[in-house]
Amino acid sequence: MTESKSLARLEMFSDGVFAIAITLLILEIKVPPIETIHSTDDLINELFHLWPSYFAFVYSFGGILVQWIIHHNTFCHMDKTSRPFLYANGFLLLTIVFFPFPTALLAEYIDTEYAMPAIAFYGMASVVNSFGWFLFIRTIEKPRRLLNDAFSPEQYDQLKKSNRFAFVIYISTALLAIWFPFIALSINIAVWLLWIWLSLNERE
Amino acid sequence: MTESKSLARLEMFSDGVFAIAITLLILEIKVPPIETIHSTDDLINELFHLWPSYFAFVYSFGGILVQWIIHHNTFCHMDKTSRPFLYANGFLLLTIVFFPFPTALLAEYIDTEYAMPAIAFYGMASVVNSFGWFLFIRTIEKPRRLLNDAFSPEQYDQLKKSNRFAFVIYISTALLAIWFPFIALSINIAVWLLWIWLSLNERE
Amino acid sequence: MTESKSLARLEMFSDGVFAIAITLLILEIKVPPIETIHSTDDLINELFHLWPSYFAFVYSFGGILVQWIIHHNTFCHMDKTSRPFLYANGFLLLTIVFFPFPTALLAEYIDTEYAMPAIAFYGMASVVNSFGWFLFIRTIEKPRRLLNDAFSPEQYDQLKKSNRFAFVIYISTALLAIWFPFIALSINIAVWLLWIWLSLNERE
Amino acid sequence: MTESKSLARLEMFSDGVFAIAITLLILEIKVPPIETIHSTDDLINELFHLWPSYFAFVYSFGGILVQWIIHHNTFCHMDKTSRPFLYANGFLLLTIVFFPFPTALLAEYIDTEYAMPAIAFYGMASVVNSFGWFLFIRTIEKPRRLLNDAFSPEQYDQLKKSNRFAFVIYISTALLAIWFPFIALSINIAVWLLWIWLSLNERE
């Protein structure tokens, strides 16, 4: 089998899944039903009250985009693939594809008194997602190294360290959310901003 | 016509269809409507009671992923295409694209007393899907051989044998489901786990 | 600009649109709502009564697949692009993307006494789709020829003839549908079968 | 990292997002529910009364298509990428992915007395979209030039001028829409037609 062709197709399939998952997020923003609108002001108010949907959309879009960029960068340094990696990547994609659901949940409940389970659930989805990255990072090194030599051990350690950090943060905030949902969410948003900031300024 | 370019585009189109079908599965998991929620505990319970949706999502995701990997591997060994293959592949894609429907059906009914038709229907969708694979496998060999020589007769026989096995299993369990739906489903899950296990450990 | 790179990206974008449109068709098949089900037999009956949805799904899937194959074949013989072609192709894609709507309409109404408008509407969508092909076929020849020499004038004439035939058939049956909807639909199904049959047996 | 491979994957991902966003537009056109139909004429009327949906679909489809063509053309002249560009492109995609929502809003309300907020909201989405283009255009030149030399300073100025024009038009019409929604919409449609016209006749 030509390794590079096989890798290219895996990349294309993964890109497709990322692209679709990120686009399906928009389906959670629902047009206010016309039966509930009795004046122009009503509609304006409804459009403002959709802020949880806008927030959840931007939050998840950013989260998936950052992950796509990391995925993209790692693939740029790979030159072969393996069966365990195929499945680790598949599991990672499963956790990405899942995001539209907790996103819609967050949008629906964040502005209600039942926000806690929605925030904690989103947090748990992030934990599982981090675990997907853990498998991804592991299988690009074992059972056989799939990376080319341009990818330095420092970069690999950096990847592992970021993953461990994400894992700890998401587990802690998912637990914290049970008692202090909005503090947990605020920490997650801060991490999200930090993540984008670091990624934006990273030397390539 | 440049054979390889034509094949590459078929691959890309098929990958797109696989990627979209696998991602649309998430749309079957519906956010609990806010009207039914009267306390934080209500929402937590509702999120637990969505287990049939989570199960159906993971089950179908895994099923489509394994199929994508087989599809991907076979294409890696092909160097041309033919009209009958184009249509066999199209029919196979139709059966893949269909899965979000039986998945949603399973998610809705598996936890009710009307589980039987949902399980049997999913089984029948798998039978038709196996038939799609049968046509796919046949048309890569006839009317003209589309595989390159790196693909050994043993691998081809293996493909045929797996297909025959899947066909027999899915027909049997679809019938069995009429009387013993949960035993049939359990067998299918066991086959699913076996499938992923074998695929994960396959020598490439 | 590198012509071939530009063409390759147009191909990829078009493939993506075809792949998504063909996959979104599945969303029109709706799971029977649990409130309407009071016994296992109810669910079995409901699954049988979804036949219009299954039919509409297969019919539109086949229709889009055949069009993708023609699109794919034509692109295989092109080596450049032009602005008018970019827009003609874009309009053609618009008519393809539209199909999930008349498909869902057909599925909802074909088995009711209000089938006529649904059948006629689907027919009109096909007329507009044929017009999209007309623009596509025209702009690959004018204002400048985008095809390479491997594409013979006979093949081009064949393409034009098929398009004219489709145009006449769809206009006639869309009109006929006003008085005899099921005869019109039967003719369209016969043409659909003929189309797939011819395409399947075409020499490449 | 191989610059061109990285760029190619970014292109593919962006194409995927464009293709999906443009295709999801069709989901806003809803089949008239059968409970509201009591005669064939009812269904015919309902299909006519869906004109706001058809209009919004074609309008947004055209808008996204023109943007894809500009995106496509710019990428054809690029030979590398940068972190800030990756994020600028990501933000542009976010604004593209958002369009199915204002499109559905427009379709639902344009034919009611509450049209104003829908038109103004669509206008604001266009403003944010123009801002996405502003970042895109800026980051292909700074902090480092990503364009190859075949892209002349005149072409770059043209891009910037078009962007500034779009920005001014959309801000003005979004404001104007508060008092004269239909005049604002008419101006936007005129600009839309002009845009397609200019793009169609542009020398490449």
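Per-chain numbering from 1; labels A, B, C and D assigned in written order.
In this text, a contact is a pair of C-beta atoms (placed from the backbone, for glycine too) under 8 Å apart; a residue touches a chain by one contact, two chains touch by 3 or more.
Everything numeric here is computed off the predicted structure, so don't read it as measured data.
Trainee: Which one of the chains is farthest from chain B, going by Cα centres?
Mentor: Following the centroid criterion, the farthest chain would be D.
Trainee: To test your reading of the model: what rotation angle superimposes chain A on chain B by C-alpha positions, in degrees to the nearest 5?
Mentor: My answer is 90 degrees for the C-alpha fit.
Trainee: Pick same or different for copies chain A and chain D, depending on whether their interface residues overlap by over half.
Mentor: Under half of the interface numbering overlaps between copies: different.
Trainee: Find the geometric centre of each of chain A and chain D from their Cα atoms only, then give the gap between the two centres in Å, rounded to an integer.
Mentor: Whole-Å distance between the two chain centres: 25.
Trainee: Round to the nearest whole Å and give the separation of the Cα centres of chain A and chain C.
Mentor: Here chain A and chain C have centroids separated by 35 Å.
Trainee: What parts of chain B, by residue number, touch at least two of the other chains?
Mentor: Answer for chain B, listing residues that touch two or more other chains: 12, 16, 20, 24, 27.
Trainee: Inside the complex, what are the residues of chain B that reach chain A?
Mentor: Against chain A, the touching part of chain B is residues 11-12, 15-16, 18-20, 22-27, 29, 31, 34, 37, 39-40, 42-44, 47, 57-58, 61, 65, 68-69, 72-73, 75-77, 150, 196, 199-202, 204.
Trainee: With touch defined as at the start, can you tell me which chain D residues reach chain A in the complex?
Mentor: 1-2, 5-6, 9-10, 12-13, 16-17, 20-21, 24, 27, 82-84, 86-87, 90, 93-94, 97-98, 100-101, 104-105, 108-109, 112-114, 116-118, 121
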